[in-house]
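In structure tokens below, several structures.
Both of the next two complexes hold chain A, though its partner changes from chain B to chain C.
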Partner chain A sequence: MTLIPFFFYLCAAVLVLASLFVVLARNPLYNVLALVVVIFCLSTLFMLLEAYFVGMVLLLVYAGAVLVFFLFVVMCLNLNTPSLITAKQNRFRLWGGLAAFMFLAGLFLALKSFIAAQNLEQSSIRGTIEIIGKILFTEYLLPFELTSLLLLIAIFGIVSLAKGALYFGKEESTT
Partner chain B sequence: MLPVIAWNLISLEILITLTLVSLVILDILLPKGTKNDWLGFASFTALLGLIVFWTTQQSVTGITFSGMFVSDSLSWFFKGFFLITMIFIFVMTQQFFKFLGERRNEFYLLLWLSLLGMCLIASSADFLLLFISIEILTISLYVMTAYLRSDKLSIEAGMKYLILGALSSGFFLYGISFLYGITHSTRFAAIQMFTATHSISPLMLFAMVLIFAAVGFKIVAVPFHMWVPDVYQGAPTPVTALLSVGSKAAGFIILIRLFFGIFGPWHAEWSILLAVLSAITMCYGNLVAMFQTNIKRLLGYSSISHAGYLLMGAAAGSMIGASAMNFYLLGYLFTNLAAFLVIILFSIAVKSDDIADYAGLARRSGILAGTLLIALISLAGLPPLAGFFGKFALLMAIIESGFIWLALIAGINIVISLYYYLMIVKKIYVDTPNSTSLIAVSLPMRLILILSMLAIIGIGICQGPFLDAAIASVKGMYLLHF
Partner chain C sequence: MIGLGHYLALSAIVFSVGVFGIITSRNVLKVLLSLELLLAASNISFVAFSRFNGDYTGQLIVFFVILVAAAEVAVGLAIIVLMYRRLNTIQADELKEMKW
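Right, the complex of A and B next:
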């Protein structure tokens, strides 16, 4: 049991560092690879919470499928445009930094006041497929079914935005 | 053990989904390349049928889906609101997208999905369901915003809306996770039980601010308004109209459910926050609106300032405040949609959204000029139109709650807004036109313009039944605190 906090802090630290790397690295390839590390750490955190299924799905779907696609796209496009890197963004840095600082300060003040729930019982629910399936199809039936509509929107969106040839200025000028 | 589900409560949403599915099938079965707009016609007829069905649903109230889905007077009121909005949006789409050909059909389907999202938002009593409903609405709006993919402005608008929308969704989820951590539930009923028995903690305040950030994005309150001008200008005009009325009203229904329901017991803490935001929002919107040259951009800033006026009702934190908000939104629906309908008909004929091109519109088309006149002076709040009585009710609510300073700021803002609304009116009626060619308006369009004019004047003159409906909608609200 005493190892759990150790693993938690380890993963959390790597998670924060990798996330910073996702944002700060200049080469898109490194961004994606750092994101893979982020997903691994997140998945471990879920496992530590005994949400095994969510942890596994995260690993399989994101690290296994989505990010591999990302890597392919990045490599195909060969996105090493120097114009993106040298563009002056000092104004954005200033305001962004200020906003981030205020947000973190607020978060810090808020968390300082947080009193952890007293003698929280060890939850008897384990995040196995069986239990998640039961909950999804009883208590969370409506939100679960509605996510299928979200996928439908994604299909409509992609099909309608990609359908047919694209002529700039001609095809859809208001005539 | 399976939960007991009261299907009759969710019948409207089921009917909308069924319509959507049958339209998809219709789209596949119909021969391609037909000139006739079958899908638009079928959508319009289905909407009329749904409105008839909606009128029979007033007394169907209750909660189901293990406390997630609620059907109460508030959701009934807003579902009607969204259905009427959609009638206008479908008419606009039929006019605006004539040149899109086959790609128009998917647009209708996306409109139906956004309608479903809005209706579900109106009925959500659980943060998880609320989040998914918001995403159904917002993601279909992302696609529709970028729909004119050969138009640079439209793509830019879609991109901006997508990135800022994703950011606001992130805030919302982060806020919910804090709420869940503190109260151990996402159900509104359980959270209200917590807020009623505990005083506010800094962590709760933080969660509340995060959630408000997401709602503020929907209702376009400053400082979450960054996306408005570019998206309003770049998006296809029917989408702009939907954003300014439907999406905004969806934001306000969340605001009412959260701040008059689950956060109600902490009214003393948040009312000052909302009052300050309301003042900043209306000042910003009105001051920047004065310098606009594009009419869609101008209505974007005017939409920000109206969000400011509406926030007054929320800051009042009373039954009257919430009812005034609902009444104001009802007037705003007809007013804003009439204005956008004129903009669409004008842009189809003249191919321009510049205010300069509106010079002398009265001599080119009497009906367009007349409708725009009525809509603009109702937005400005002159009697005896819908906008006047709405502002009056909001000011009354805010004064009763003791925010005299806010009422004064609102008064000054209404005077400022008169300036830019009346500048357009002057352009339409006094200035000499750039071209003397007449703008033809077809008979069905004339009919709809006249009907919306009558609605604006009707709500302004006999406010009684509409105000009663607004009050009743708040009175029967699930988990109402006040």
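Right, the complex of A and C next:
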């Protein structure tokens, strides 16, 4: 039990550092790999909050599939050319930093009043796959089925984009 | 003892880093990665609220967020690949075909 604060602060520190690395690193490959570290820390935090199912799904879907997809695109586009890495990547750095800082300050002000207003104790719910699955297939059945429709629409979109690329390629080759 | 405030503060910090990334980066791939950071930050607060309120709805919302993000990333990356094929670059400034 006493290990929980230690793990929380460790994960929080690594999470913030890795997210800064995602934003600041110049090489697209390093950005994607830093995001993998972010997802691992996030999953550990979910485990600390005893949300086991969501943590594992995040690890499997994100680190396993989505980020590999990102890596695949980076490799496929051959983005590691020196010209891209050394190219000037950041405009608005001052204004972006200022806006993000103002945003953070506003969030912390809101948080301060919120935390002072209510004092919540840690409950003992455990997000095991049994409980989450039961709720998912009874109470949230309609949204769950609708996500399949969303994924279907995404597939249609990607296929039509790829078809369009083929079409454009043909047109350019004939003219 | 780690309370709700700790998790919400962490979420706020990560969210701000993501906002900074979206504003400053020219690389379209990096904008998409920063978007993932925003989703990750909101997921932290959903799970923290779920834990501290004793309600499973937050964890279910995170599940749906993961699904939607997967679809969004697939379409976004397809668009980036098309952009690279047509313009031979993924810098956002080069997209000026609709400029007049």
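Simple rule for what comes next: the second predicted complex is superposed on the first by the 141 of 175 C-alpha atoms of A that agree within 3 Å, B and C clash if a C-alpha of one lies under 4 Å from a C-alpha of the other, contacts with A are read in each partner's own complex, and residues count from 1 in each chain.
What we mean here is this: contacts are C-beta pairs under 8 Å (C-beta built on N, C-alpha and C of every residue); 3 or more make two chains touch, one makes a residue touch a chain.
As the structure is a computational prediction, the values presented were derived from the model and not from experiment.
Student: With both complexes superposed on chain A, which partner does A:61 reach: first (chain B), second (chain C), both or neither?
Tutor: Second partner only, chain C.
Student: For A:140, decide between first (touching chain B), second (touching chain C), both and neither.
Tutor: both
Student: Please name the chain, chain B or chain C, that touches the greater number of residues in chain A.
Tutor: C
Student: Taking the superposition on A as described, I'd like to know which of chain B and chain C A:149 touches: first, second, both or neither.
Tutor: The answer is first: A:149 touches chain B but not chain C.
Student: Have a look at where A:15 lands relative to chain B and chain C in the superposition and call it first, second, both or neither.
Tutor: Once the two structures are laid over each other on A, A:15 reaches chain C alone.
Student: For A:33, is the partner it touches chain B (first), chain C (second), both, or none of the two (neither)?
Tutor: A:33 contacts neither chain B nor chain C.
Student: For A:47, decide between first (touching chain B), second (touching chain C), both and neither.
Tutor: A:47 contacts neither chain B nor chain C.
Student: Tell me the contact category for A:161 with respect to chain B and chain C: first, second, both or neither.
Tutor: both
Student: Examine A:113 and indicate which partner it touches, taking first as chain B and second as chain C; both and neither are also allowed.
Tutor: The answer is first: A:113 touches chain B but not chain C.
Student: Which residues form the common part of the chain A surface touched by chain B and by chain C?
Tutor: Overlap of chain B and chain C footprints on chain A: residues 107, 111, 114, 140, 143, 147, 150, 153-154, 157, 161, 164, 168-169.
Student: Please give the residue numbers of chain B that touch chain A in the complex, ascending.
Tutor: 1-3, 5, 10, 17, 65-66, 68-69, 99-100, 102-103, 106-107, 109-110, 113, 116, 120, 126, 128-129, 132-133, 135-136, 139-140, 142-143, 146-151, 178, 182, 184, 201-203, 205-207, 209, 347-348, 351
Student: Please give the residue numbers of chain A that touch chain C in the complex, ascending.
Tutor: The touching residues are 4-5, 8, 12, 15-16, 19-20, 22-23, 28, 31-32, 35, 38-39, 42, 45-46, 48-51, 53-54, 57-58, 61-62, 65-66, 69-70, 73-74, 76-77, 79, 84, 87-93, 95-97, 99-101, 103-104, 107-108, 111, 114-115, 120-125, 127, 131-132, 135-136, 140, 143, 147, 150-151, 153-154, 157-158, 161-162, 164-165, 168-169.
Student: Once bound in the complex, which stretches of chain A touch chain B?
Tutor: Those residues of chain A that touch chain B are 106-107, 109-114, 117, 138-143, 146-147, 149-150, 152-154, 156-157, 159-161, 163-164, 166-175.
Student: Can you tell me which positions in chain C touch chain A when the two form their complex?
Tutor: Where chain C meets chain A, its residues are 1-10, 12-21, 23-27, 29-30, 32-34, 36-37, 40, 43-44, 47-48, 50-56, 59-60, 62-64, 66-75, 77-82, 84-86, 90-91.
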